[in-house]
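One chain, subunit A, links the two complexes that follow: it is found with subunit B in the first and with subunit C in the second.
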Partner chain A sequence: MLAKKRISIPGLVLKIAVAWALIAFVAYPVISLLIQTFWHDGAISTGVIGKVFSSARAVQSLKNSFILAFTLVITVNIVGTLCVLFTEYWDIKGAKILRLSYMTSLIYSGVVLVAGYKYVYGGTGLLTKLLLQFFPDMDPNWFVGYGAVVFVMTFSCTQNHMMFLKNAIHGLDYHTVEAAKNMGAGQAAIFFKIVIPVLKPTFFAITILTFLTGLGAMSAPLIVGGEDFQTINPMIITFSRSAYSREVAAFLAVILGVATIILLMIFSQVEKKGNYVSVSKTKAKLTKQKINNPVLNVIAHIAAWLMFAIYMLPIILIVIYSFCDYNTIMTGEFTPGSFTLENYQKLFTSIGAVRPYLVSIAYSLGAALLAAVISITCVRFVQKSKNKLNKLFEYGVLIPWLLPSTLIALGMTMAYGDRNPLIFNKVLVGTTVILLIGYVIIKLPFSYRMIRAAFFAVDDDLEDAAKCMGAGTLYTMRKIIIPVILPAVMSVVILNFNGLLSDYDLTAFLYHPLFQPLGIVIKAASDENASIDAKCMSFVYTVVLMILSSVALYFGQGSGMQTIRRWKQKRLEKKVFRK
Partner chain B sequence: MIEFKNVEIKYGDFTAFKNLNLTVGDGEFFTFLGPSGCGKTTALRALVGFLTPAAGQIILDGKDLIRIPVEKRGIGMVFQSYALFPTMTVYENLAFGLKVKKMSASEIDKKVREAAETIAIKDEQLVRNVSELSGGQQQRVALARAIVLEPKILCLDEPLSNLDAKLRVSLRSELKKLQKNLGITTLYVTHDQEEALMLSDKIAVFNNGTVEQVGTPQEIYDHSKTEFVCDFIGDINKLGVKVVSRLNKEGASLDLNRHAYIRLERIHFAPGQGCLKLSGEVINFDYNGIMTKYHVNTCGEIVRVIKMNDGRPIYKNGETIDMYLNPADIMQY
Partner chain C sequence: MKTRRLGALGLCLAVTLSMAACGSGNSDNNSGKGGDSQLIVYTNSGSDGRDAWLEERASEAGFNITVVQIAAGDLANRIVSEKNNAQADLVFGLNNVEYEKLKAEDTMEKWEPEWKDEVDMSLGDPDGYYYPIVIQPLVNIMNKDLKNPPKDYTDLLSDEWTDKYTILGFGGGTGKTLLAGFLVRYTDPDGELGISDEGWDTIKQWIQNGHMEADGEDYVGAVIDGSRPICEMWGSGVLQNEAERNTEFQIMSPEVGVPYVTEQIAILKGRNNTEKAIEFANWFGSSELQTEWMNKFGTVPCNENAFEQASEDIKEFVGSVHQQDIDWAFVAENLDAWVEKVELEFVQ
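Take a look at the complex of A and B:
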């Protein structure tokens, strides 16, 4: 026997509460969706399958989703890896500025980002106008379809590389590079035989994420996909609008879910086969590598700065446009009188203009914090208990990772459109709570995995030491464990907050019409027939959104926390030296 | 006084040890010594309360500890990893247990400073974060954090194993001095037999979940009860049958059916009372400054013997030397 068995009543109540939440909001909606799709009049019905496969649009959207996912795995990995290599591995001039530009995908994403690209490359976009001067015969709406979607998504989905691959490359033991050099290896050999194999596990993880992003793409096909390149998710939204085609939407969501599960299984099998374990006792810090071949060096510099332009153009344009009057935005022609502060003035003086912010901030912050708290609780259940049943909590919180957000949203709307005893005979659809629940659910798997990793990295002796000194479980948790994992939890909360701030995919299904979040407002503004006023405001929204995200990131990266710690240390110094 | 009475500890189906019986006297420096995986840390953790025995009692001053939770036992512990709280400064680490006890700020301050002074932690170090300290300094903080609470018993789990050799030796003597000054009952876990011999009042040698011998360092070293103890502690020669037969011819009466062992330093280069002579040829030698260890071929078997480097010439390979040993120094199992 390893530990004393003491049943704590509050602990048991907490377990029941979390288990209920996971059953009611994760498992039940999915089951309910499956039942409503395949169960009619007391028997299994496969009619929906025929309905879907006889619809040319539905079949094409399915194909498109897979084509997009496979394409993105290649393009995002190339661009993302280059981002990391240009800024962290090779010695490229201006790496600091490049890094900032490549990290912009962390501060805005989804509809906001795609709308930004549209202002550069779209029919009335700046670059299109420039190109038209040289090629007057070209189609102004050239930036539409498969190519446009792939381009936008390739550059917007590199945030995982900038976070995880960057860390992985810094985890590389530079001594191994030096050892290879010492044994006569050239730059290419070192790169492919030493560096890349170490990054392999990270590549696998990122590839899975990228594939899932491609499969569940929403904003990019919706905004720049045009008629010819629609994918499953936008199609699900379209079909879900009418009661007749709702089951088609549900079935499409099921296909997306099944595909995701199968792929995750394949990837995890492949991942198991070849992994390395670092054996370094003393790691040396990575030193940047100068590219010896002058031609390759020039090519690398050109590519790096071209990518800089691609990343920065939409942002610069959004910032400039946010200071422009509606005439300039319409025509794209700048005059000295184009610039105005009116848009910003409106934001800070009209309550209606600030409202989407307040709604989004409240939802995102609430959901990010809740997801973190639930994850911490579940990690604790799983980690500390000897009872195998507790592992179910882990499966529960990880389920949403297997399911596209559209499936979760549809499941929720179908399950809780009427009074349901599972939630004490309440109706959720049409309330403000359903979006919050949805946000929490989609952020659970990521939060859980990151927080679990943080928990497992905590030395068990710390807890034992605290107990030895008389501290109880809660006190130890509050004073020892939480402070140790706090930086990881903060990053998770902030990444989730930023991700949700302008979310569109899930929001489109669950938002309350009176409380429209930013994603909905900005998407509406990017439509061709949006009012000019809405367009002006969408730029301001985006700029403020990026500032908010940047501030959050600054604190999440630890700089803010460090400042607090330094202040605390100074206070202690005063106390100790005074005597 | 601490008593382990028929203590049994299980990890699932695996029994770490059965029927552990030990008595530790008040103020004793008691060491659990043994190779990795022998159960010494398990025994210590059971005493502190991290593990609950499947059977038996652990009695402290007449009271069974088993039902008392860790935080109420009042036993201090220094971990192998030190387990210093990384988000806190040295001062905060030392003050942690005192805060749990809800002492007043001035009392905490007084006690923290006293403990810091005892363990030679300077004021500048008190305000530093624990991650900024060297290994030796971290070790001191871990020790100070354990003694600041004035525990009845102090448990140390391989506390010196992460330090370099020189620091280990110097901290060893400090630890011994500190324990004598505080008079605190100390349980020490180590696999380093030299450390155990030097520090302990008493040693329990663990092997595969059983205690092979309990005794003073001298008893353990000179009169090892079992073959395992004799082999595990110190450097020793296992004498082959040919050497034992030869010694019997010279007048010893050793049992040829049992294994015979003799410590290296019990083989002399000059005749002594009751000593028997063996001659052999130097095959090889290891010079380490203070002494030289010779590998000598005698009767077709290798016997190792050490000699202080006192200025006299060192024997060369191939040289024939005479060795003298007293049959009373030979341990047989």
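Take a look at the complex of A and C:
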């Protein structure tokens, strides 16, 4: 009894430190922003409710955001799951190439991605031009509105599937599949009764993320939504930049936030009903399944390669356009004179041009790692402790999902623009750390949610066994737990790193003027006052970002590290051989 | 193998953390002092190579400066939020409305430039916080072959021009200021937000009869090919687009004039480099440097001695329009509320 009650001092210190960090940097800025926005002269201001709900545009945009979120939950889950099944589970010809093309959604996003789709399907796009040859009467501007937004976002938001569902499917114990086969189960039965249940925790996590992506949709509705399908987030961002309209922005954000809370609550209830965890200690590696039914097999191949085309066309065009002049990009008419290397020459006009890359890489990497470490710690606090109070860590970590990053940044500048006793009377605004803190904060909920899902794969028995043999907490963590969750953690780190590299919304408020990150430089290059040549630069920057992101993926996913290790090994062997 | 990977992770983390720590340490030392007479200059007008050019030119003149380009919408916000830990010595660019906000937040020093008599001080601040540098007339450009072009905003409300003109987004400086310029024609102290019912009705028709800029669309291209032949444009953008796209535009010149946005220069509070900063501002606003700035980047200088040396197309463009009489204090007080109302109620 007594032994159980003993409190470990380092554990307690860590807990207090994390709790302080969450209160000071996550909860306090958000709460103080909300209070300052809604609390006027000793009363909650209610005028904003009337303002918002009497605006037909705001109500319609809100509605559209929810329609989009629910649609995407279905479509992204279908397409994303197919991506993983085509490349990892079923035996499809050319799976390696397919995988590379499906992974393109991991390396670019935002305005340029949507622009890429527009260059295929838009008024002057490739496909439209082709279709016009056959159907001269069709409307060249057909790719607009709800359908277009859903299409673009369905294919561009599958990155979570390609990362986490892929990891989960590789965690499947093939013995179970074989056993089912031996018992005479058909392919469909195996798929729905064995494979899907194991993937359930991951599906839950991804579904939440997809829903949030839909609610927060920005570039796709702005560019291809047309007048009939605009969503609420662009309005929130615009309003949050003006001190006067901040109330409206915060109110709209709170509506989305409440929807998010409800969704999270529903999901954690459903999750409680049980998850299937593989209990095998010696898992067998997954073997790809051949589709027996020839008709289905052909259909699967056609679908897989059609998706290949959908994924590849926009990215190829972006790479080509990064070598083109402005008129070519806007009209889509290629001439021999269209191509130029000038865009790339401008990229490195001086040594100074490299600096933003280094700044962004340092910040993004630091924040991605910190967010992962804090998330792992918090997951352990919540899972391992009997005390219900520890659940507060989970709520704390998830707070940033309630507000868009612009408002979080504002909250931080308002909270720490002056000396504050909560952080020992320091001023954070204008220092270099505030951006790092901001980056960590906005990536916490995602990291926490995905790492929590990964923890379901950790077998409690292994941990107990380690403890019985006398391993300490840290040792067990390092040798038993981390290896199991590492693939998921690495995926989280890479996705966070890639996402932060060119962030603008949060960065704009928090960066130190002498350490300009990439997002700021890119925005300046495509500013309305920039020359039209500069607008071509957004393509060049995207290509460079794609390369950076691919490098991160290559190393993070292990194959890069392995190659280097093998090369080192060979060199070592050569040396020994010579001697 | 796993441990090593973990070790690497830990190392990276340590490095980043210590970097961040060092960084913050440095800036702590600098805060409120300004360091070794290096000047940090904030501007929204540093894109397109202007920042690099200015840094180089300033170092020839003996100034050690770093120009930090910040998007217009964020620049004033940033200066206000850094009030207690100022990071910059000067700011140039922006416009009167934004400077009025900065004045209200007590972020600027009072000063007086040597070239005060060479500029039209009606463009600047009567209280002596900010001084005019560059003028941007905001206009509507039209396709050069457009027949029977509209002469004023009010002409655009007819069916003839439905969906024929692009209105720039009200988040950006140009769209916002042109909206203000249109609204102040209907000033009415008893009206909603200081504007008469007739005014709101006109604005509503103007917005709903036109086309709001969508992200990533080529609205200047639409003017050139005639598919949407009218579009709002800022002054240097007119000349720049004419040159880069090898075309000419007609300029709409309403009788009441067009809004002139004036980029200004000001000294920020909370640094102890004020002397040096004023010295730099004296140099930067001088007719010699403003002439170079104009010749290099096609700006319209406020400095009269510099403007005399302007090229023919700049003079022709400036001559084709005249300044609308606008009470900027009134605009500054109401603009955000106007934009909010218009965004919520009129934009579709």
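Definition applied: the second predicted complex is superposed on the first by the 339 of 579 C-alpha atoms of A that agree within 3 Å, B and C clash if a C-alpha of one lies under 4 Å from a C-alpha of the other, contacts with A are read in each partner's own complex, and residues count from 1 in each chain.
Methods note: a residue touches a chain if its C-beta (ideal position, glycine included) is under 8 Å from a C-beta of that chain, and two chains touch if they have at least 3 such contacts.
Keep in mind that this is a model prediction, so the values were computed, not measured.
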Which of subunit B and subunit C A:Leu130 touches, first, second, both or neither: neither
Which superposed partner A:Cys468 touches (first subunit B, second subunit C, both, neither): first
Partner chain(s) touched by A:Val484 [first = subunit B, second = subunit C, both, neither]: first
Which superposed partner A:Gly366 touches (first subunit B, second subunit C, both, neither): second
Touched partner set for A:Val319, first subunit B, second subunit C, both or neither: neither
Subunit B versus subunit C as contact partner of A:Val59, first or second or both or neither: neither
Comparison of subunit B and subunit C by subunit A residues contacted: C
First (subunit B), second (subunit C), both or neither touched by A:Asp459: first
First (subunit B), second (subunit C), both or neither touched by A:Val576: first
Common interface positions of subunit A, toward subunit B and toward subunit C: 483, 486, 565
Residue numbers on subunit A that touch subunit B, as the complex places them: 1-4, 459, 461-462, 464-472, 475, 479-480, 483-484, 486, 565, 569, 572-573, 575-577, 579
Of all residues in subunit C, those that touch subunit A in their complex: 1-3, 5-6, 9, 12-13, 16-17, 19-21, 23-24, 26-28, 31, 40, 42, 44-48, 52, 66, 68-71, 73-74, 77-78, 81-88, 101, 168-172, 174, 214-216, 218, 221, 234, 236-237, 240-241, 244-245, 336-337, 339-340, 343-345, 347-348
Touching residues (chain side subunit A, partner subunit C) in the complex: 51-52, 54-55, 57-58, 111, 114-115, 118, 219, 222-223, 226-227, 235, 238-239, 241-245, 248, 327, 330-331, 350, 352, 362-363, 365-366, 369-370, 373, 413-414, 417-419, 427, 429-433, 436, 478, 482-483, 486, 508-509, 512-516, 520, 523-525, 527-534, 561, 565
List of subunit B residues in touch with subunit A within their complex: 10-11, 48-54, 69-72, 74-77, 79-83, 85-89, 91-92, 96-97, 100-101, 109, 113, 123, 126-127, 129, 145-146, 149
